[in-house]
Amino acid sequence: MDIGFLGLGRMGQAMAANLVKAGHTVRVWNRSPEAANGIEGATRVATAAEAFRGDAAITMLADDAALRSVIVEGGLLDGAERPAVHVSMSTVAVALARELAPIHERAGVAYVAAPVFGRPEAAANAALNIVAAGDDAAITKVQPLLDAMGAKTWRFGSEPSAANAVKLAGNFMIVSAIEAMGEASAFAEGHGVSKAALLDLLTNTLFASPVYKGYGALIAEDRYEPPGFTLRLGAKDIRLVLAAAEGAGVPMPFASVLRDNLIDAISHGDGERDFAALATVAARRSGQS
Amino acid sequence: MDIGFLGLGRMGQAMAANLVKAGHTVRVWNRSPEAANGIEGATRVATAAEAFRGDAAITMLADDAALRSVIVEGGLLDGAERPAVHVSMSTVAVALARELAPIHERAGVAYVAAPVFGRPEAAANAALNIVAAGDDAAITKVQPLLDAMGAKTWRFGSEPSAANAVKLAGNFMIVSAIEAMGEASAFAEGHGVSKAALLDLLTNTLFASPVYKGYGALIAEDRYEPPGFTLRLGAKDIRLVLAAAEGAGVPMPFASVLRDNLIDAISHGDGERDFAALATVAARRSGQS
Amino acid sequence: MDIGFLGLGRMGQAMAANLVKAGHTVRVWNRSPEAANGIEGATRVATAAEAFRGDAAITMLADDAALRSVIVEGGLLDGAERPAVHVSMSTVAVALARELAPIHERAGVAYVAAPVFGRPEAAANAALNIVAAGDDAAITKVQPLLDAMGAKTWRFGSEPSAANAVKLAGNFMIVSAIEAMGEASAFAEGHGVSKAALLDLLTNTLFASPVYKGYGALIAEDRYEPPGFTLRLGAKDIRLVLAAAEGAGVPMPFASVLRDNLIDAISHGDGERDFAALATVAARRSGQS
Amino acid sequence: MDIGFLGLGRMGQAMAANLVKAGHTVRVWNRSPEAANGIEGATRVATAAEAFRGDAAITMLADDAALRSVIVEGGLLDGAERPAVHVSMSTVAVALARELAPIHERAGVAYVAAPVFGRPEAAANAALNIVAAGDDAAITKVQPLLDAMGAKTWRFGSEPSAANAVKLAGNFMIVSAIEAMGEASAFAEGHGVSKAALLDLLTNTLFASPVYKGYGALIAEDRYEPPGFTLRLGAKDIRLVLAAAEGAGVPMPFASVLRDNLIDAISHGDGERDFAALATVAARRSGQS
C-alpha cells in the first residue's frame, strides 16, 4: 500500500520501519527533521501534507496538542489529496477522538483510532497489541498495516474514541500496578524484608505477567535511568484518564492517588526518570529514603 | 513424620489430606468437630493438645483470635508433650507473629511462620506457594511437610513475622488488582466499551497472570456467587495490612482506598459474596448499576 | 468614576447595583440581553466594547471560556477606547490569569485580579470579601469601586494570578468543610446520633463560622433545593484547584477525594442541587439512604 | 457532692481543681503518684478503689487501655463501695463504651459517658463543651459536676456510646480542618502566596472559628513546639475514628487520607510535635521544605 507516516519518535520510527519491511511504500514526516534519518527504504517528505495522502496515513504524534496542530490547525483535512483512511495511533484524550471523528467524516476520510500497548522494543519486534475502533471496512482495509506493526489487533467497535478509552484504561491499570508494587515494597522493607525478595516471589507466581515483571525488576533494583518511558509522560496519561473519567461520570480513587503521587515524584525531581520511579514515593513518605 | 494438624477449614482439609497422601502420620483437630470427617487416613483427636505434639504441629486456623485462643490461652505451649516445631500457616497479624515467637522460644518449641498463597483448589493440588520464615534448621526439618502441601517454598529469613508481612503484602497487591480492574471496568463501560472485552484484552496480554485472569473472569461475568473467598474475609486482610503498615510507619493510600471501598461493598450487602465483588463499587458510584 | 460592568449573573447584578448606588456612572453589558433589565440607574450597552472602556471595566463572567471569549477572542484589548484598568472578578484558572496579565500589559491596560468570597446575599449587602492582586497603583485607583462592592479588600501583591490562587484555595477549604461534615454526619448517624444534633453542637462551638453554619444548616435539614450555588459549579472549582495544584507541584489528596465524590454526586443526579448535597455521598456509600 | 476523680493529666488536674473550687469533696487518684501534688483542697488517695466510690466517680484516663485496666481489670466494679454514677470523660473507642455499659449495669453503677471538647486552657477556665449520654436521671444527678467543669453540656440520649461517637466525629472534623489548611497553604505557597497571608484572610472571614483560628495561627508561624496536643495522640484519635467507622459501615475517605498523612508525619519525626504539624506534610510532598 501507499502510505504516509507522521511522527517519528522512538515508537514511530520502529513502526514505520516495520511497514517498510512489510513491503509498503512509506512516506515519512516528522516535525523536527533530524529524526527521520534512520528509516531505510522510506521516502522522507518535507511537509505533513505530503505524508497525509495515499491509501492510508498513520499518525503517531506525541500528544493531543501535536495531533490537533498537525491535522486540524494544519488544515490537512482540507488538502487536495487526502488519504482514504487516517489511522490515529497516538495516545490521546477520549474527547479529542470524539472531536476528530465528525471532522474526518465531513472531509470524507475514514478515521480509525488504533493506539497501541507496548514499549519501543515491542514496536521494534512488531509485537505491539493494537486496539482499533472505527468503521469496520476501514479497519479491514488497513489491517495489513496493523499486522505489520503488531502481534494482534483487538477491535472495539465502530466508535473510534472507544479505542482511546481502552488504551487509557490499560495505562491506568499499569500505573496502578506500579503503585501497588511501590506500597507493598515500602511495607515489606518496613518489616525487614527486602523488596527485591518480595517482588521476586510475587512477579514469578501470582503476578507473573509482563507489566509486573518489567516494572518489578526496575523497582527491585532501583533502576530508573535511563528511562524507558518518563514519569512525566506517565503523569500526562493519568491526566487523560482523569479527564475522561470525569466525562463519563466515573469516580476513580486509585487514579486520584496516582495523580497525587506522580506530582509528589515530579516535585522531588523524578519527572525525567523512568515511570517506575513512582514506586519511590511510598518509601520516601515512610522515611525509608 | 508424626504430625498434628489444627484447623480444618477448606484450606486446612486439603492441606492435611496431602500430608496423609505423602505418607505422614497425621492427627487432625478442629474446634467444631464436624469438619474433620472427610480426611481419610488421618486420626481425629478430640483436643487441641492431642494434636499439638509430635515432630511438628501445623496450625491453619481462621484468624488471630483463633490462633491466640488455641495456642496461647489454651495453654498448649505449657503442655507436657509439645511438638518440636510449630508451623503456623494462618494469615495473621504481623504483631501477633512478633508476640508468639518469644513465647515459643521460652517453651522450647521452634516457631516457623509459613502462610500460603493459593485458593482451595491450589491447596487440593499441592500447588500452594508457601512463604516461610523462622529458624533455618527448623524450616529444613519441616520442608518435607511443606513440599507435600505446596509447589514451592520461598524462604524469608529467620524472623518469623517476615513471612506474615510478605503474605499481607501479597494480599494487598491482589486486592489492588481487583480494585484497578473495577475502576478500569467502570471507566470502559462509561465510554461504551464492555468490561468483558476490556478485561479479555488486558488479562491475555499485559496482565496475563493468575490473579488478573482469575478475578478478571469473575468481574467480566459479574459472577460473585458462590464465593471462593468472601469479601468480608478480604476486608479483614486489609485491616491487618493497615495495622502492620502503621506499625512500620508506611502510608499506604491504595490500601486506604481499598478499606473504604470494602466497607462500601459490605454496607451494600456484598460481604458474603466473592471478594471480586469489590469491583462493583466503582460501577455503583458511577450510577451504572 | 466612569465604569463598565460586564457579566450580569446573580452576583454581577448585585455588584453593579451597588456601584450605581455609590454614585458611579455604570455601563452594563451581558451576553444574553435579558439579564440587564433590573439595574436601575445603569446604562445598558449593546456590545462588550461599549462597556470595556472608561476609568475601569469590571468583568464578572461565568468562567474561563466566557472571560477568554469576551476579552481575548472578542478583541477588546485592541479596541480604540480601552479602559485604564480591567478588574477581573470572576473565579477563573490561575493559568488564565497568568496568560491575561502580559496581554493586558502590551495593550496598556492595567490588569487587576479581584475575585470575591461571598454568596449573592453578601453581594447584595456589599459584604463581599475581595481578594485583589495586581499593580498597586491600579488597585488603589479602583479601591473606591471595590469598597462599594465589598466589606473588605485583601491585597495579595502585584502578581494578579496570586489573587486567583487565593480564591481557589479558599474554595477548596469550603468544599473540604462540606465533605468533613458529610463524613462526620454519616459516622454519627451510623452510631444512632442524628446529624442535626451533631452539627448543632459543632457549628455552635468549635466550628462557629459562616461556612460551617451555612452549609451545616443545609446538611442538617437535607435542604438542597433550590440551590444557592450548584454542585456542578462547585465541581468546576475543584477542577481549577486540581489543575493549579498540578501546575505548582502540590499533591492535594483532600482535593482528589472531593473530585471523586463530586463525580459520584453528579452521577447520582445531584449536579443541579445545592453544593451541600456533596454531604449525601458519604451517607449513600454507607447504605444509609 | 462527695466524689472521686481518677486520672490527673493536664486535663484532669484542671477539671478536678474546678470541682474543688465549686465546693465538692474530691478524692483524687493517679496511677503515677507525682501528678496529684498540685490540687489544693483535694484529698489524695493511694488506690483507685478509694477514689471509685461516693456520689460519683469521674475518670479522665489516658486511653482505652488505661480505662479498661483501672475499671475492668482492676475489679473496681466488684468493689464493696461503688459510686452511684461513673462519669467517664476520656476519649475512648465507641466499642469500649458499648462494652462498659452492660458491665456497669450489672454492677448497679450508672454509666455516663461525658467526653469533652477543649484544650487544657479551656479546662482551666471551666469552658469545656461536654458531650453527655447515658441514663437521663444519672446525668441530671451529676449535672452540677459537669457545670463546674464546662461551659455547656450537650446531651445525646441514653446510650452512652453515642457521646463517644460525637466526640470522635468532632475530632475527625478538627483534623480535617488542619489538613485542609495544610493543603491550601502548600497550594498558596506554590503560587507565591504566603500561607500566613492566606490563613489570615480565611480564618478571619469564612472560617472565623476557634479551631481554624487556633490551628491556623500555629501553621502560619510553623510553631509546632511545645505541643499543646501531640500529633501522636491525634493519630490515636483517627485510629479510633476509623475503627468506629468500620463498625458502623461508613467509608470515610477524608479520615483515610488523615491516617496516611499522620503516619507520614510520624515517620518524619513529628510525632511529639503539636498536632498542627500535620500541615507540614503537604509542603514536604510538594518539595517546598
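Here the chain labels run A, B, C and D in written order, and each chain numbers its own residues starting at 1.
As a working rule, a residue touches a chain if its C-beta (ideal position, glycine included) is under 8 Å from a C-beta of that chain, and two chains touch if they have at least 3 such contacts.
Chain by chain, the UniProt names read as follows: A, B, C, D = Oxidoreductase.
The structure presented is a predicted model; accordingly, all values stated were derived computationally and were not measured.
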Quiz item: Among B-C, B-D or A-C, whose interface repeats A-D's (more than half the contact pairs identical)?
Solution: B-C
Quiz prompt | Pair joined by the larger number of C-beta contacts - A-B, B-C | solution = A-B
Quiz item: How many Å are there between the centre of subunit A (Oxidoreductase) and the centre of subunit B (Oxidoreductase), using C-alpha atoms for each centre?
Solution: 37
Quiz prompt | Cα-centroid distance, subunit B (Oxidoreductase) relative to subunit C (Oxidoreductase), in whole angstrom | solution = 52
Exercise. Enumerate the residues of subunit D (Oxidoreductase) that touch no fewer than two other chains.
Key: 245, 249-253, 257, 260-261, 263-264, 267, 285-287
Exercise. Would you mind writing out the residues of subunit C (Oxidoreductase) in touch with subunit B (Oxidoreductase) in their complex?
Key: 253, 260, 263-264, 267-269, 285-287
Quiz prompt | Complex interface listing, subunit A (Oxidoreductase) residues touching subunit B (Oxidoreductase) | solution = 94, 117, 129, 131, 152, 154, 156-157, 159, 161-162, 165-166, 168-170, 172-174, 176-177, 179-181, 183-184, 186-188, 190-193, 197-198, 201-202, 205-212, 241, 244-245, 248-255, 257, 260-261, 282, 285-287
Quiz item: Where on subunit D (Oxidoreductase) is subunit B (Oxidoreductase) touching in the complex?
Solution: 239, 242, 245-246, 249-253, 256-257, 259-261, 263-264, 266-267
